[in-house]
Every structure is written in structure tokens, then in C-alpha cells.
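Please read through the structure below; I'll follow up with questions.
Chain IDs A, B, C and D follow the sequence of writing; residue 1 opens each chain.
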């Protein structure tokens, strides 16, 4: 009788802990899970991330959940590393695992942007110079059509003054998401960028061409003449027709090996 | 009897579809086919293309046909992907396969330039800055002798105003081909380049040295002094003696593996 | 009897030789040894060193000893190449092996900085331009927080006038260590840098991000606008929270192969 | 009788052909031959050459002979490709094989510079900008000590006016060799460089650090401040102590595989 009471109390404690944690939406679609692993590998292969940076996808069963690795370099991420979060960026289980401190970038964007199905945060090398320069990033190539209208820059000093520059709480994440507005990406001053889109191929593709476009613009400027940028209307027309089907086939096969389905 | 009529009607429909399509010139020379696959792999290996861009060759049996992959990243192209087109860029079979929307670049150049036997369209990274800059691309090195007289730039706004910037119809293709004139390559503003030549090794070689030459000119300019460019006469004398035999041997062996014939 | 005397005399000679040499602190901790090999490979893999440059670690059994390879390219270093030195950079055995002539960088820094547990000397390509420029290296990215307060530059002309520029004696090493002060790294004019830290992952990480940060600052400057650098306070707050756990896991696995412990 | 006469006449023709050709000095030292193959592979691996460029070594048995590959991309060169030349750059056998048209660079330098034991001609990408710029190449790093006194630039217009820019005859080769003087390398306007030294490791090392030094100087200039170059005396003191032993061990093992002797 006494033993039974103890067991009951212990169960209640566990349940209380479970109550504090959000409920899981259940398993992610296997195809989406495969693509999330692939996205992690691709952005490493394409030098969009080194050991740092992260990619998430909104859960196919519940728009109020997203899935992302625990704190691990994208190149090493496997299915066992994936964690499910609610939009406050609280994990549905295993809260003791080491997590990305900047997961709020993802959760707060998913809250404000129902159209966004995937998010990447990265520090790609050609983007950072534009985040600290008075010279705005613009589009010099078709591949960067989404840059033609310009991108906002998130200044964490506006959110928190002198900080460690990490978007490591909900307030900073919300400020960033608001500054993002309806754009495809936002630069982060002295830090990197956050890239959003309707699917994993889009955020991977945009992250790659954001970096490549920044590099090409820098080289165009270095020539010393005037630069003939894409117009905003050209950018809109390009993006209206854009998909990343052909590129995704290539990237996924290269990152996952030739046995990946074509 | 009724069944036989239905079968006949169905056959006629298929034949009508076939009639609307141009006739095939027959199989491509196997050596040319092998070189076309190699060219696809080489331009990927040398970072002239990523997932996008394409290479074609004029058919050895009929100057009014050319051969090019369906819409696939060059690095992944195999013999099964190759399609035969007439010079209006209509495929001789399988019109339902996903095709490069910019195939008109190839067809319209083949129409106007009987000397051209191969065409590459690419977005190589060091060329794009010159397509948007007021500073003209010129030759700083022997390897870029074909640049010594300067290259034209195609401005799609002259053809179609504000567009999605794709050369996705015959008119834009024709305008580009006319602007190309008798040159070896043409830059495309905010987009990339089209490179032509008398064989696949030439278009591959010119694509590579167009990109490398652009990079070296950019670095020469960044030094801040005056730049001593090749003269037009030097360029002509260089190109009169140019072949890509030694380079093609290397590129093909690296792209196709050591079993490729030397 | 005579023979025994000869043997005794020979033994004394050997002992005298041993007396001139410092005593060994004994075997290095196996985990530290493994990490030292890994650090050598990682800095080669990440292009921080080519054939030249070196990495050392303070001995875990004796703060007056450090361990470093004999004169060998870091990429090739194995356990058999490791030598133990006292802080005057005299080896505890095998003084006849070919040694890094600039080992005094390590020994003299270990003397002045008890907090330093590892040192790297390198010639990474993006750092050298800042060592010869009147434009100071600063922090443009979170990853370079330790650069926010600026780094000193060691000028060997102040130590030795016109030299062969090698820190190949104790005086030059001491001058460099004094100039380093309490910073994380010091540039060396016309030569490279010395990077210090509380562990091997720190010196490896700082060497990598020193190089990457220099490259990004150079590109930010090339844009031609004003540059918004990290503040000293941001740098301090970033570094207070910094570790290289996630990066070290990636680097070590890539450099040592997938069998390396995760 | 008549038949015998015909055979004799034919033999005389063959012998006359042989008389026109210089005599062979005999087989090259096997170690030197191995290093010559290695040098070819290393300069390809380190991006000093692509398909073009060449490396030669003076014959160990006769200072009036040198050994170099037939016309083949350095990365593919094997022992069967090696040809022996006299200092007029006439091959001792097989004159019908396809040869480097610019072999006169090598022969004429060996004539004028008895101290030179190996020569490389290359088009390395960071060197070409300095060959066409009014800004002189100088030394910004210890690794480029041989640049501290400056390098001459060969202008083929001074030798031949408007040419195809190839050093494809003895006169141009001699002019280049005279312009080289007693230096370690000479830039060639709009073309590349010729690098000389007392052994294969020296010419390989100087070719690599010539390219790396040019790149670093370009980046130092791009910072926009003043640049603190190495003094001529520093350069001389550095080079007096220079060897490439450690680098050669690394390069050879990487280029030839782990079975290469350490």
C-alpha cells in the first residue's frame, strides 16, 4: 500500500514534468526527415556553414512545431540528433540535451510567418561584410533575384544594447522576425544571416545564392566602375518562376552519395 | 471492326504528334557523344557551372540539329539524358521531358553562325561582375587571347524590357545571337555568358579561361596602378595558333576517371 | 677490472650529457597527445598552415615543460615526432633531431603567461596582409570576438634590426611574448601570427577565426563604405561565453577520420 | 649487290639524321627522375599550373643537357614522357614527338646561368596581375624573401613586337634569360613567370611562394593603408638560410601518395 503510493507520486512527478513540456506532434514525414539531414550536409558541403549555424523545418503534422538538430555541426547531424520544438523553442522531450542557443531565431520566425516552412541561420563568409558595411547588398545576378528589393539588417544593439550578440532569447528572436518582415532573408550585423522559405530546397538555395551573390557584388564594386543592378521588377519576375528542383537533385546526390534517389 | 478503328485513330494521333516534331538526324557520333558527356562533367569540375548552365554540340549528321541534355545539372548528365533539337529548339522526340528553358541560346546561335559547332551557357562567378560593370572585360593573359578585342554584352532589357531575365524564347535568343556577331563569347547582363567555338574542347576551354581571365583582370585592377592589356593583334596571333589538345587530355581524364583514353 | 672502469666512465659521460639536458616530466596524458596530433592535422586541413608553422601544448604533469613536434610539416606529424621541451626550449632528449628554429615563441610565451596551455605559430594567408598594413585588424563577426580589442604586432626590427625574421632565439621570443601581453594572439610583421589559449581547441579555433575574420574585414573594406566593427564590450561578452566544443567535434572527426570518438 | 647498296644508303640517311641530333648524356639519376615527376605533380596539386606550364631539370651527367616532359599537362606526366634536350633545346631523340613550344625558356636560361639546376615556367593566377600592372611585386612575407629585391618583367614586345606571345624560339628565350639576370624569377607580361633555382625543391617552392606572395600583397594593397614591405637586406638574410626540406617532404608525400619515402 505504501509502495503503491510512492510509485503513484513518482508517476505524478514525471507527468508534471511532461505537462511543463509541450506535446509532440508525432513522427516527422520520412521524406522531410531525409531532406532535413540532406540540408544539413549540403550547407556544410557548400561552405554556407562551418561548425556553426543550423537548419530547421516546420513539422508536417502541426504548424506549431518545428524540427532541428541538437547542438551539433550540421555536417555531422544524423536522425538521432533531431529534436522537436514548439514555437517558443521549448523541446517536446530531452530538455537536458545540449541545444542551439539561438533556436529562437527559428521559433519566432515560424510564429510570425505562417508561409515559412524552413529556416537556416548561417555565418556564410561573403555575407558578413555586407552586414557591417554601409554599402547595401543588392542583386547582380539572376540567381539572386530575391535580393533585388534589398534585405533588412538586424542590429542586436537595438534589442539589447551591448550583448554577446547571440539571439538566445525570445525577445531578440521576435525583434529579428519583425525586422525580417515579408522578405526571404535578413542580415545580422557582425554575425551572419537568417534565411527563410516555403521548403528546405528554397532555404538551402537562397543561402547558397545569397553568399555567391554577395561575393559577386563585392567583385563588381572592386572593378571601380558603376554597377548595373537588377531592378526590383526583374527580381520579382525571376522569383515568381523560381524553383530549386534541378539544383536540389545535384546537391542532395553530392551530399548524400550516389545512392540517393534521383 | 470498331476496335480496329479505335486503334487506327489512336495511331494517327500519335503520328500527327510525330509529324509536328522535326525528324531525327540519327545517332550522334559515339566519340562526340562521349565528349559531350565529358564537357558536362568538366565544366562542373572546373566551377564554370553549378547546378545550372548547359552545353550543346551541333549534330555531326545534320547541321540543322543539335544535341543537349534535358534539364539536369551538368555534373549528373548521362547519355540517357541527351535530346536532339532542331534549330528552332524543338526536340525530335519526348517533348514532355523537362527541358532547359534557355535552349534558344543554342538554337539561334547555330542558325546564325555556321562555323559554331558547340555552345556553352554558364553563370561562372568571375564573369558576372563584368556583365554588370561599366568596366569592360579585356585580356590580361595569353590564355585569354580571344578577349583581346573585347566581348559584347547582351542586355535583355533591350529585347523584352523588364523580364525574368531568361532567354526562354526564340526572339531573345536571336537578339543574343545577333549581338554575339562573330565573337567567341558574349556576356549577359546580370546573368552570365554564352561561349561558342568550333568544337567542344574550344567552348570548354574558352569558358574556363573567360572566368580565369576575368578574375585576374579584377585583381590587376585592384592593385590600383595602370594595367597593360594585350593588344588586339596579340590576341589574334595567339588565337590563330591556339588549340586545347593538351588541356582537353587533362580535363577529360580528371572528369571521367583514369580509364578515359589518352 | 679495467673493463668495468671503462664502462663506468662511459656511463658517467652519458649521465653528464643527461645532466646538461632538462629532466622529462614523463609521458603526456594520452588524451592530450591525441588532441595534439589532431591539432596538427586540423590546422593543415583548414589551411592555417602549409608545410610551415607549429603547435605546442603545455605538459599536463609539469607547467615548466611543453610538447611539440620535431621539424615536420604539421599535416605529417605523428606521435613519434613529439619532443618535450623545458621553457628555455631545450629538449629533454634527442637534441640532435632537426627542430623548429622558432620554438622560442612557445617557450617564452609559456614563461610569461601561466594561463596559456597551448600555442600555435602560423603564416595563415589572410592574416599576413594585416601584419604589414597600417590598417588595424578588428572584429567584423561574432566568431572573431577576441579581435574586438585589437591585437598587437610584433616588429622583429625592434628586437634585432635587419634579421632573417625568424624568432630563433630566446631574446626575440621574450620580446614577442612581452608584446603579446594578455591578448589571445599577436601578429608578426611580414611573417604571420602567434595564437595562445587555455587549451588546444582554443588555439586551433582562434587561429581559424583569426584568418577568416581578416579575410572578411578585407572584403568589408573593399566595399568602399564605412565598416561597423564589433565594440570591445561585445567582444568581451562573446568571449566570456565562448567554447569550441561543437567545432572541435567536427574538426577532429574530419581530420582524424570517422573512427575518432564523438 | 644492288640491294646491299640500297640498305647502306638507307642506313646512312638514318645516321645523318642521328648526327643532326645531339648525343644523349645517358640515363638521368633515378632519384632526380623521381623528383622531376614529383615536381610535375606538385605544381599541379598546388595550382601553380593547370594544363599548361612545364618543369625541367639539368642533367646530372652533363651540364649541357636538360630533361623535361614532352607536351603534356604536368599532372599527367610519367617517366615515359621525359625527353632529353641540349641547351639549344633540340631533343636527343624522337624529334617527332609533340613538344613544349616554349622549351627555349629552359635551354637559354641553362646556358646563361650555370648555377641554375631546375626551371619552371608557369601561369600561376596571382602572378599574372603583377606582370601587367605598373605596381611592382614585392615581398610582404618571410616565405617570399627572394622577392624583396624585386623581380624583372620580360616584355616580349621588346623582342618581337606584336607576337603570339610564346617564347617559342631561341632569340626570345635568350632575351628572357638576359633580363632574368641573377634573380630567382622573372615575370612575363601578360603571360606568367619563369622560376629558377639550384634544385627542383627550390623551383617548386619559389613558384608556390611567388604565387602566394603576390596574392597576399594584392590583399595588403586592397586594405587601403600603407604597406610595410620586407627590406632587401631582410630578404637576403632569409634566403641565405632558406631550404625547402620540410616543405618538400610534405609536397612529395601528398602528390605521390603515402608510399613515397620520408
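Methods note: contacts are C-beta pairs under 8 Å (C-beta built on N, C-alpha and C of every residue); 3 or more make two chains touch, one makes a residue touch a chain.
What you see is a predicted model; the values in this text were computed from it and never measured.
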- line: A correct list of chains touching both chain A and chain C reads none
Task: Report same or different for the chain A and chain B interface, where same means the shared residue numbers exceed half of all residue numbers found there.
output: different
Task: Name the chain whose C-alpha centroid is most distant from the C-alpha centroid of chain D.
output: A
Field: Relative orientation of copies chain B and chain C, as a Cα rotation angle in degrees, nearest 5
entry: 180
- prompt: Between chain B and chain C, what's the gap in Å when you average each chain's C-alpha atoms?
  reply: 50
- line: Whole-Å distance, C-alpha centre of chain B to that of chain D, is 35
- request: Could you tell me the distance, in whole angstrom, between the mean C-alpha positions of chain A and chain D?
  value: 50
- request: Name the residues of chain D that each touch 2 or more other chains.
  value: 222
Statement: A full list of chain pairs that touch reads A-B, A-C, B-D, C-D
Query: Which residues of chain D touch chain B in the complex?
result: 50-52, 71-73, 75-76, 123, 125-126, 128-130, 132-135, 162-166, 189-192, 218, 221-222
Query: In the complex formed with chain D, which residues of chain B make contact?
result: 139-143, 145, 212, 215-217, 219-220, 222-231, 233-234, 237-238, 240-241, 246-247, 249-251, 253-254, 262
